[in-house]
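Both complexes shown next keep subunit A, but they swap its partner, so subunit B is in the first and subunit C is in the second.
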Partner chain A sequence: MERLDTISSLQYFVPEIVLVFTLMAVLVCDLVSKNRAPRERRLLIVIPSLIGLVVALSYSLQGSEAVSAGLFHNMVAFDGFGQMLRVIFIVTSIFVLLFTLHSNELRLVHHGELLVLLLTVTVALIWMANSINLLMIYLALETVSVASYVMVGYLKTDRLSNEASLKYILFGAVSTGTMLFGLSLLYGLTGSLDLFEIRSALSSQEVVASSGPALMVILVLVLAGIGFKMATVPFHFWCPDVYTGAPTPVTAFLSVGPKVAGFAVLIRFFYGGLASPSEDGASWAMVGSVDWQTMLMGISVITMTLGNVGALLQTNMKRLLAYSSIAHAGYIMMGAVVLSGEGIQAMLAYMIIYLFMNLGAFLVVIVVHNDVGSFDIKDYAGIWRRAPLLTIGMGILLFSLMGIPPFAGFLAKWYIFSVVIDAGLGWFAVIGGLNSAIGAFYYLKILKTMFIDGSDTPEPSTPLALQPLYAGLLLVLIVPNIIGLLLWGYLDRVTEFSQKLLDAM
Partner chain B sequence: METLGPQIIFWAFAALMLGSAFIVVHGKNLVRSAFSLLATFFSAAVFYVMLGADFLAGVQLLVYVGGILTLLVFGVMLTNRIYNLNLETQTFQVLPGALVSLAVFVILTTVVVRTPWSQSALIEDGPTTPIIGRALMTEYVLPFEIASVLLLVALLGAAMLVRRRTDL
Partner chain C sequence: MSDFFWLIPLIPGVGALINGLFGKRLPKPVIHGVAIGAVALSFLIALGCFFGPFLSGGGETVLEKTLFTWIPGMSAAQADGTMADFTALWQYRLDALSMVMVLVVTGIGLLIHIYSMGYMSHDPGYWRFFTYLNLFTFFMLNLVLGANFLMMFIGWEGVGLCSYLLIGFWFERDSAANAGKKAFIVNRIGDAGFILAIFLIFYTFGTVDFYEVMAGVSAQFDSPEAGWGVLTAIGLLLFVGATGKSAQIPLYVWLPDAMEGPTPVSALIHAATMVTAGVYMVARSAVLFEHAPNAMLVVAIVGVSTAVFAASIGLFQNDIKKVLAYSTVSQLGYMFLGLGMGAYAAAIFHLMTHAFFKACLFLGSGSVIHTMEHAEHASGGHRDYTEMQDMRNMGGLLKHMPKTGWTFIIATTALAGIPLTAGFFSKDEILWSATHGGHVTLFWIVGVIAAGMTAFYMTRQVILTFFGEFRGGEKMASHLHESPSSMTIPLMVLAVGSIVAGYVGLPFGASLIGPFLAPALNAGMPIEAEAHHASVAVELMFMGASVLVGLCAIFLAYRMYWGKPEGDKAVSEGWPGVYRTLYNKYFVDEIYGATVVDGTLGGASALNAFDAEVVDGAVNGAAKLTLGVSDLSNLADASLVDGLVNAVWKVLAGVSNGLRHLQTGVLQNYALMMMVGIGALIGFFYYYLWT
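The block that comes next holds the complex of A and B.
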């Protein structure tokens, strides 16, 4: 990987610079529009944010030339993997920004500040996912965390939101502190903050022979920080409470953005610092004396099982989706275990599809809450008679989350399971399959409530209020789930491209 | 450390640091805890000086002792309800907690003692400020800038959270 200095790095750093300037501009727009009418003020805030995000997105889509470079003296990587993730984060952010516009929960007070926070998290996620330096990993992760804490506690008069924010801060402070301690030990062991230098230090024979216990402790400590962001067991405790208490658009964002960034850090940290690529770059071999492959495998199995079993008992929609997102983290982790380029491709494909199905499900939750004013699953009874199209849409999203063919969620699961089987870990795929079966149970329970329950009461069925903006967004989020099969070839090419550029690491 | 002097200073301040940290955690009086924290921070600054990190020691004193701690003490003093407040802390699950702490202590100590840590070459004593300044402006310029984004968002978040309720 070519190491670039500050000036020559800037040309690869345009989307991030655009986002930072946008967030400052939105902050100023928010201040100068203080005395204007609410409607006008909102336009002045939302339009610059959207423009900034779209410009950043268009720049991120352009740079498809096959370069792979370490920007700013090997602080952040620029490669296909990172470009892919950049697009994922910006797209998520655009969706969530649009989610906030008509949500009754937010009541649109201090909308400007919420958007500034959203933009900050977006740019920090990009930094986090591309960090190849311990200092950068910590700083970016901390920026994401601090902004998320405030976003979760955005509803100041809502007790659940306050509680969620406090829990998030306490868990977050402990896990990032733990991770920082681990990183400092790693620096002490290898004498470097650069992941590639750490790899070469760990490859030397004398270090391998003597550093076993230390490396083990380091990995456990570092996994506390990364696991907190991915919401994998045993660092998932915050997840159900925070997802329930946070305003739903924020929950939707947290369930995709930081989770994907957590997996990106996992890949960068373990594949970049603790594994060496083979000659053709298609697979990796662990360096150092700790078998972290088994560690990740264990975490993956426990995470998906606990997520699915936990979801069975939930009566609150947001809590249920929180446990479901924990389970999905377990599935995504399966791709990281196999130590091959195909595994990373499968993870990327899964994360892209997960973005659409999960954001879609949360948007339905927002729409229903706007009308019904509740997150309880039992209040979803009879929605079918009031909004048939919305219910069918939710059905498609839930079938996709379940992994039922022909929806995209099935392809995602099938891809990741087949990669695991190819790696000779058949039993691992079987556990994944069993878990999907458990998962189907609670997703079907929601569908049963929506379609069947309450259909025998002769209640006058007024149609559910659905804002045109949300209807359009739902369509955009649902369609990829249906035509996943047709897009598959394209998705495959995109992820392959991303992986090719990663192995330059 | 060949001579006895630095050894004595090190152990004295290590004892001070641990003792005062213990009071911070277990003290029932907020003011006493705040002042004990001062001793903890100061001892850390002494260690920085002993390691030849003069700039860090200065920053430690200015930011932690001079800034954060003073603010904390002022906050405690100006809020008389906190001043007289006896913290009602209760300790639950003493035995499991003690066992876990002991296990962590044993594991970490073993690791720290047994592992051959990487040793950097000794550099001669001298002012470190120019070195740090140059590094921040060249090799570490990106983390430096990102830290400013982090501080901006922290400031914004704090302002948003403490705003008066009527404003909502």
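The block that comes next holds the complex of A and C.
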């Protein structure tokens, strides 16, 4: 590991810098175009945003050289893992930015601040995922949170949106506060904010001997903040309410961006601070006296089960997808408990596929809401007759979410289950499988509603309004789910490279 | 011409093909022209072969022609554990034995073909009949010309098929169709033995070629004890085949029924040729049988038993053809007696002479029946064919149809063994052979008794048919007339044959046919000197005795039936039990019916019942069980699986509902629950994970 000073760190920090300048530029653009026609003004902010994101993305993709360094005196990591996550976040942002353009929910509000906030969160997510310093972790996490709170409440006149935002703020405050408490205790215990120094401190015998109960409490408290971002039990309570209340593009963003960042922090924190890598960096052993692996396993099981069971009776599409995202958090966490590079690889693969299938599902929700004006599942009845292609696309996305072969979602689950089984945790995979079966209940319920319900109404159906932009986006999101098998080799290579943490931390 | 001997079997095959494919649309002259021409051509080639190489080269002449390799080398296991290539050639071989058979088949066959022209002239199945006849000739010639057991088997099965087709030729009659079926089924039993024998032959010798097998027998089993087991088994299995095809005890029952077929068929297939296939087969395997004395003994016993048994049945039959049928069975028994005694040449000799006089008799009877039916038809009567074949309705026919009558009488003398006829020489040759081999008197006595019976029933038949007054009714009598010349000419030719054919096998060591056949019977191996012609005087004595018995039988029949068509009464009233037994053929058909047939049918119905009750029951049971299970599973599906699913759903939904209650929307509750969660996690750690 190379520990870099501020100036030499900047070369690895280009995408973030680009995004920061972009968001400032957008802010300025937004201000100077105040007197222009709304349509013209929107173009003036959307185009720079997109340009900034695309430039940042192109820089991110270039950065795939096998370098790993601790930037800014070991505040932020630069490694394959971080590079991959950077791409995920930027891609997510691009999708969400495009989602916002034709969303009926956002039709009546000005988009300027929303885009600035989106760009802010994107940068913050990248920091969050790459932080290897306790302070930096907290700072990035809070930045993400604060910007997210505003995004959730962006519909100032919408009661639900406001309520969601407030809940999010308060719950987030409690969570992050709890986490901060844990972090401070950890600092007190180890005398360092640097994860690697914390690890070496925890590895020493006298600390192990004296720190047992304290470390235990610390882990749970820190997990509160991370779990809040991942939306895992018992830090998930905000999730259904916020997802329901937030504008749908924001919900889509929350279901992917902060969640993925949460898992990144989980990996960074536990693998970096509380585990020591083997010689080849392919596996880890826990340090200290606390068996956090079993804790994560338990949380994973409870999370996926609660997510799936909770989704069963939901009548609101966004709320259902909220629970679904909780369940998927449980699945993703399965990869984190095996303490191996392959586990990380499986998580990354899952998250990439999850990005496509979940964003796709939310886009369908946006499209349907644009036409039907409702998020109620029962209002999805008869969509089949109005928009067969969209329904088939939604079918593919839902099958993928279910984990039905040959769609990409199956590959993601199969990979993560097989990693778990390889680690000797067959029962864990069985629970995952059972949960997938429960999951099929509510996903199929949606499909049934779309395909069968309302098909006996005699009235002629009008085609569902589908904006060309959304149609294109849907295609982009659905196709990877279909040809996942073909892309698997590429995905495997990418994640193989990307599971390389900062010199295996 | 002898270079083309292999065409002998093929030409009738082509004839059958032509008539079979196009016969329906061809005029009658073309049909019988093709059929007769084909057989005539074969006969001519056969004659050419005989008067060419065989006359000059004698019995040692062997002509071979391989048309193609029928079954190319297939590896097969051998008795000694090695593997041998099982090869079968489509090969024809004409040696002395085959020569005799070919001449009989084509010669007699030709005459019968010609005869059929008249006999079948009004039958709508004319083309079919000649197709079958030619096909039969093709297969029969394959049988006798084939160079290996498999070729023989092809012919064997083929003639069986043709026999079936021709017996059932008038398939609109139930009795004919049944007779065909009976013949076929009974023959199948024999065929099973034959094919097993072929398997065993290949297994033992690694070849199925006649000469190679016989050479193998001599080489492998030079001491008689060496091969008793396997050779006896082969011999007996072959003989099982022979009893089927040649109508020996216990498989003879099909032959009398086979008389349902047109009379030319009875003459050709069921008297002159096909039924002698078993005799030919045993003679062909003479070397093998010589090394299996037990099998020989069985052959002799079965032969002589059949001879006397069938003859006794023939005594009081009233159907003109049935008498001849039992006579045929009886005469075939003679042949097997000869074979069993090692007098293979004598058996073949008798086969040949028998072909002449029995064909003549059958054709003669056919001529009679033909006339009877025409007369009945012309007089407006409608009695069915069984009445027309009943000798009690005949009588005095000699004056109406002298050619038929006299040829019939000549053939009768041959069959009865009147001295200087063909039958006399050949039968005597066999009886003479029966005096050898240690069982001397018994076989000879039984044989002579059978000969006496033969003389008796033939005399009875001649008297009942051709002498006395016509008993068929006044109306018919005026319509009786001689058959057309296409029928009478063959009769006359055969009648001449019935006399002169015997002179190739004169007794007292003066036989021509014996030495002629010897090389072939020995399968090309050196001939052991046959020295059983011990003394002319002894042979003359035996001969005289058998002739005397024959003459006495003829005299007895003359006394019983001359002028007294109801002559049977002397026996039926004197010894009613005996008469009834003989008249009813020892109730063998009934016994077979009660045992084998009913047994089979019973077994079949038992199996059917088993099938219906147990198997179907099991199937139905299984079906019911399946239905039950499916009901159950439906129930289970409805209550258990659906119940389970519903239960799971209910539980999950309940939990889900509970969770919904947890998700109150009240933020304080969330925060509280999160804290509870944190506390639970810490507690969890504290109690379980503390290490």
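Following the convention adopted for this analysis, the second predicted complex is superposed on the first by the 500 of 505 C-alpha atoms of A that agree within 3 Å, B and C clash if a C-alpha of one lies under 4 Å from a C-alpha of the other, contacts with A are read in each partner's own complex, and residues count from 1 in each chain.
By our rule, contacts are C-beta pairs under 8 Å (C-beta built on N, C-alpha and C of every residue); 3 or more make two chains touch, one makes a residue touch a chain.
Predicted, not measured: the structure shown is a model, and the values here were computed from it.
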In the superposed arrangement, which partner chain does A:260 touch: subunit B (first), subunit C (second), both, or neither? neither
So, A:143: does it touch subunit B (first), subunit C (second), both, or neither? first
Using the touch definition from the top, say if A:217 reaches subunit B (first), subunit C (second), both or neither. both
Touching A:306 in the superposition: subunit B (first), subunit C (second), both, neither? second
Touch test for A:170: subunit B only (first), subunit C only (second), both, or neither? second
After lining up the shared chain so the two structures overlap, which partner does A:291 touch, if you call subunit B first and subunit C second: first, second, both or neither? second
Residues of subunit A contacting subunit B in one complex and subunit C in the other: 213, 217
In their shared complex, subunit A is touched by residues of subunit B numbered 107-108, 110-111, 114-120, 138-143, 146-147, 149-150, 152-154, 156-157, 160-161, 163, 165, 168
Per the touch rule, the subunit A residues reaching subunit B in their complex are 6, 20, 27, 71-73, 75-76, 109-110, 113, 116-117, 120, 123-124, 127, 133, 135-136, 139-140, 142-143, 146-147, 149-150, 153-154, 156-157, 185, 188-191, 201, 206-207, 210-211, 213-214, 217
Which residues of subunit A touch subunit C once you look at their complex with the stated criterion? 166-167, 170-171, 174-175, 178, 212-213, 216-217, 219-221, 223-224, 233-235, 237-238, 240-241, 289-291, 294-295, 298-299, 306, 309-313, 438, 441
Write out the stretch or stretches of subunit C touching subunit A in their complex. 649, 652-653, 655-657, 659-660, 663, 665, 667, 670-671, 673-678, 680-682, 684-686, 688-691
